[in-house]
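Before I ask anything, here is the structure I am working with.
Chains: A, B and C, in written order; residue numbering restarts at 1 for each.
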Amino acid sequence: MERSQSLATSPAVVGTAAGEGAVRRLVSAPALLAAAAACLAAGALLGFIWAPTDASTMGFSQKIFYYHVPVAETALLAFGVAFVAAILYLRRHDAKYDRLGVVAIRLGLLFSGLVMITGMIWGKAAWGAWWAWEPRLTTFLVVCLLYGGYFVLRSSVEEEQRRATYAALFAIIAFVDVPITFLATRFMPAGLHPVVFTSSGAQMDHRDLLAFLISMLGMTLFFVGLLRLEVAVERLKDELYYLKNRLGR
Amino acid sequence: MAEIEVTGVTKVFGRRDVLRDVSFAVEQGGFLSIMGPNGAGKTTTLRILATLLAPTSGGVRIAGLDPSDDPMPVRRTIGFISHQPLLYLDLTAYENLRFYAEMYGVPERERRISDLLQRVELSHRRYDQVRTFSKGMLQRLAIARALLHQPRVLLLDEPYSGLDPHAVDILDGLLAEIRAEHTFVMVSHSIAKTLELSDQVLVMDGGRVVFRQSGTIDEAHFAAVYREHVSEGVAV
Amino acid sequence: MESAALPVTAPALRVTMWRQLYAIVKKDIVSELRTKEMLLSMFLFAVLAMVIFHFAFSVRAQTDLTYFTGGMLWVTFVFAALLGLNRSFVHEKDEGCLDGLLLCPVDRVTIFLAKMTGNLVFLLVIQALAVPVFTLFFVKASYLGDLPAFLAVLVLADLGVCSVGTLLATISMNTKARDLMLPIVFLPLIIPVLIAATSGTTAIFAQTASLGSLGPKLLFLAAYDGIFVLAAYGTYDFAIGE
């Protein structure tokens, strides 16, 4: 009697309704991921076969642009989602926003890693060096270190509510810092390496543009699919942990 | 209206229910003692009254003010005495009191500080660093600190813990002096002190109020309930 | 002695945010002056860092480190600041006084501003002592003419360090890792300040600075400060409360 009462009154409640929601998300995720796969495949096909090879010095390697930029923008999108989730958590203290934040940042870190890898490949192809301290690579390196700190912070706080609160605070501050960091890298002395190696929109051939947009859509769908999947898994993990503890009492 | 009203307060930390539907009231001039095993939620309740914590649900009113609206006026009406003195060791007794007096905006600061130092019999140590004080002296200074802004309500968190008999006597004396002008809520592990000082007693266990009595306290009954809950094992 | 009977209604307590801010800053400064632990440590650390930099970089005789000066100076100050920031709440934490402070009718943001100001004062004191030493060790040409510019960069960068640092110190003091947590979360966030301050300061020491080149950096630092003080303003209740 006492236990079910407090279960019912506990705000982060674990009830069948919530569990159903999690399962629904699990089901919808594969559909999203399938759509994502289709888009990415289409984008790749169009990009590699249909669109013309870049006229500038970079040639074929420029096509990594179809992955590099979408991945970068998706990473930023992920951190943006975490930012909003953090604000919502601070206002409403609902654990679901904390879970969303963790998952989003984890994915953001993953995509940031991909930005660096694709960026390094591009750099090697474009100027023969694996690394350069140019604005985008540097920014994403700092971003990786920054959000890595997020997980160190989380693991250092034992109490749930405080952990979620501090994590939310950090997610907010970190996200504000991302554009600032990018701006700051402009102050770095320009080296031998080209500062900009994106194809600017205006100069892109319309075929390039189309392939790019499809890739972009595909990557975003990929992200959203993964997000839903992981949030559902986190939710179920939490429920399991909670129920196990209650049984153990 | 009672000086302190707590209605249906629940406090949840993440998934832990620390307080469950706690309600009580204390009339002006009353003295409530809260007892119970460790982890029962006594200190949490006190900290909610002190505005250091906010309840997850339920209402609190102190001197007619609601801390969830604006905690500032409530903070001006309460004083807190803990088993920790809440004093800065590197500052002198005078500097400590002056700091808090400045923070509260106490009028006629210097006179008030002198008066209080006199009352707690620490005038002769006014310019000594608090680091050099004994536990009993720390507690006396802590009382002076708590009274600086003339609060109506005094919250005491195990104030007698760690005091030697002499210090206990002094604390008793001081409490007796100020008894008439304040409302008290005390968390304590000492049955003797509780029975001696209180006109209302609560026993808490597992976040709930399990025993409540006001007026003349039936000592035998209370002692039995207390023993039952405290020796039952750890709550939480 | 007649003890005044306490009235049933509390006396009118009147205090402004500025008085409270001043009270906290004064308390922290007086406390620190009594022991001088932190100031001494920060200063010794700063000088030690400079010495180590010399040994780290002077591989050949007569190496000209002019273009490294901004970097060395700011790395020194960032790490010295970390020492101080970790101690922002040391008195409150060690002596259980945090409750005492939170019980006062004081805005949490006022506490933030006071702690930030205190940290800023300590950092400036250390810098006042350390910069002449640094100049002696590493800077060949006199930059007295550019002193206003140098100070502008210094103060704006310090504000950035202290605002973000105080906010993060508040969070990290409540973690298991405590002292170790602050550098990990603080350093990535302070990189923008480091970039701007380093390049600006190096330019000043190398006599290649101009208003045109420094202007954007100063503006950037000021914007950084403004943004993070604002962020702290919005979130400090959560950082320091329970």
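Structure notes:
As a working rule, contacts are C-beta pairs under 8 Å (C-beta built on N, C-alpha and C of every residue); 3 or more make two chains touch, one makes a residue touch a chain.
Note that the structure is a prediction, hence the values are computed from the model and not measured.
Contacts between chains leave no pair untouched here, as each chain touches all the others.
In this view the innermost chain, defined by its CA centroid being closest to the centroid of all protein CA atoms, is C. The pair of chains sharing the greatest count of C-beta contacts is B-C. In this assembly, B is the chain whose CA centroid lies farthest from the centroid of chain C.
Separation between the centroids of chain A and chain B, computed from CA atoms only, is 49 Å.
Look at where the CA atoms of chain A average out and do the same for chain C: the two points lie 33 Å apart.
Averaged C-alpha coordinates put the centre of chain B at 37 Å from the centre of chain C. Chain contacts: chain C has residues 242 touching two or more partner chains.
Only residues 1, 3-15, 19-20, 22-24, 27, 30-31, 34-35, 91, 95-97, 99-106, 242 of chain C touch chain B when the two sit together in their complex.
Taken in their complex, chain C has these residues touching chain A: 164, 167-168, 171-172, 174-177, 181, 184-185, 187-189, 191-193, 195-196, 199, 216-217, 220, 224, 227-228, 231, 235, 238-239, 242. Residues of chain A touching chain B in their complex: 6, 9-12, 95, 159-161, 164, 242, 245. Residues 28, 47, 50-53, 71-73, 75-78, 80, 82, 84-91, 95, 99-100, 102-107, 115, 118-119, 129, 145, 149-152, 177-178, 181-182 of chain B are the ones that touch chain C when the two sit in their complex. Those residues of chain A that touch chain C in the complex are listed here as 90, 142, 145-146, 149, 152-153, 156-158, 162, 165-166, 168-170, 172-174, 176-177, 180-181, 183-185, 187-189.
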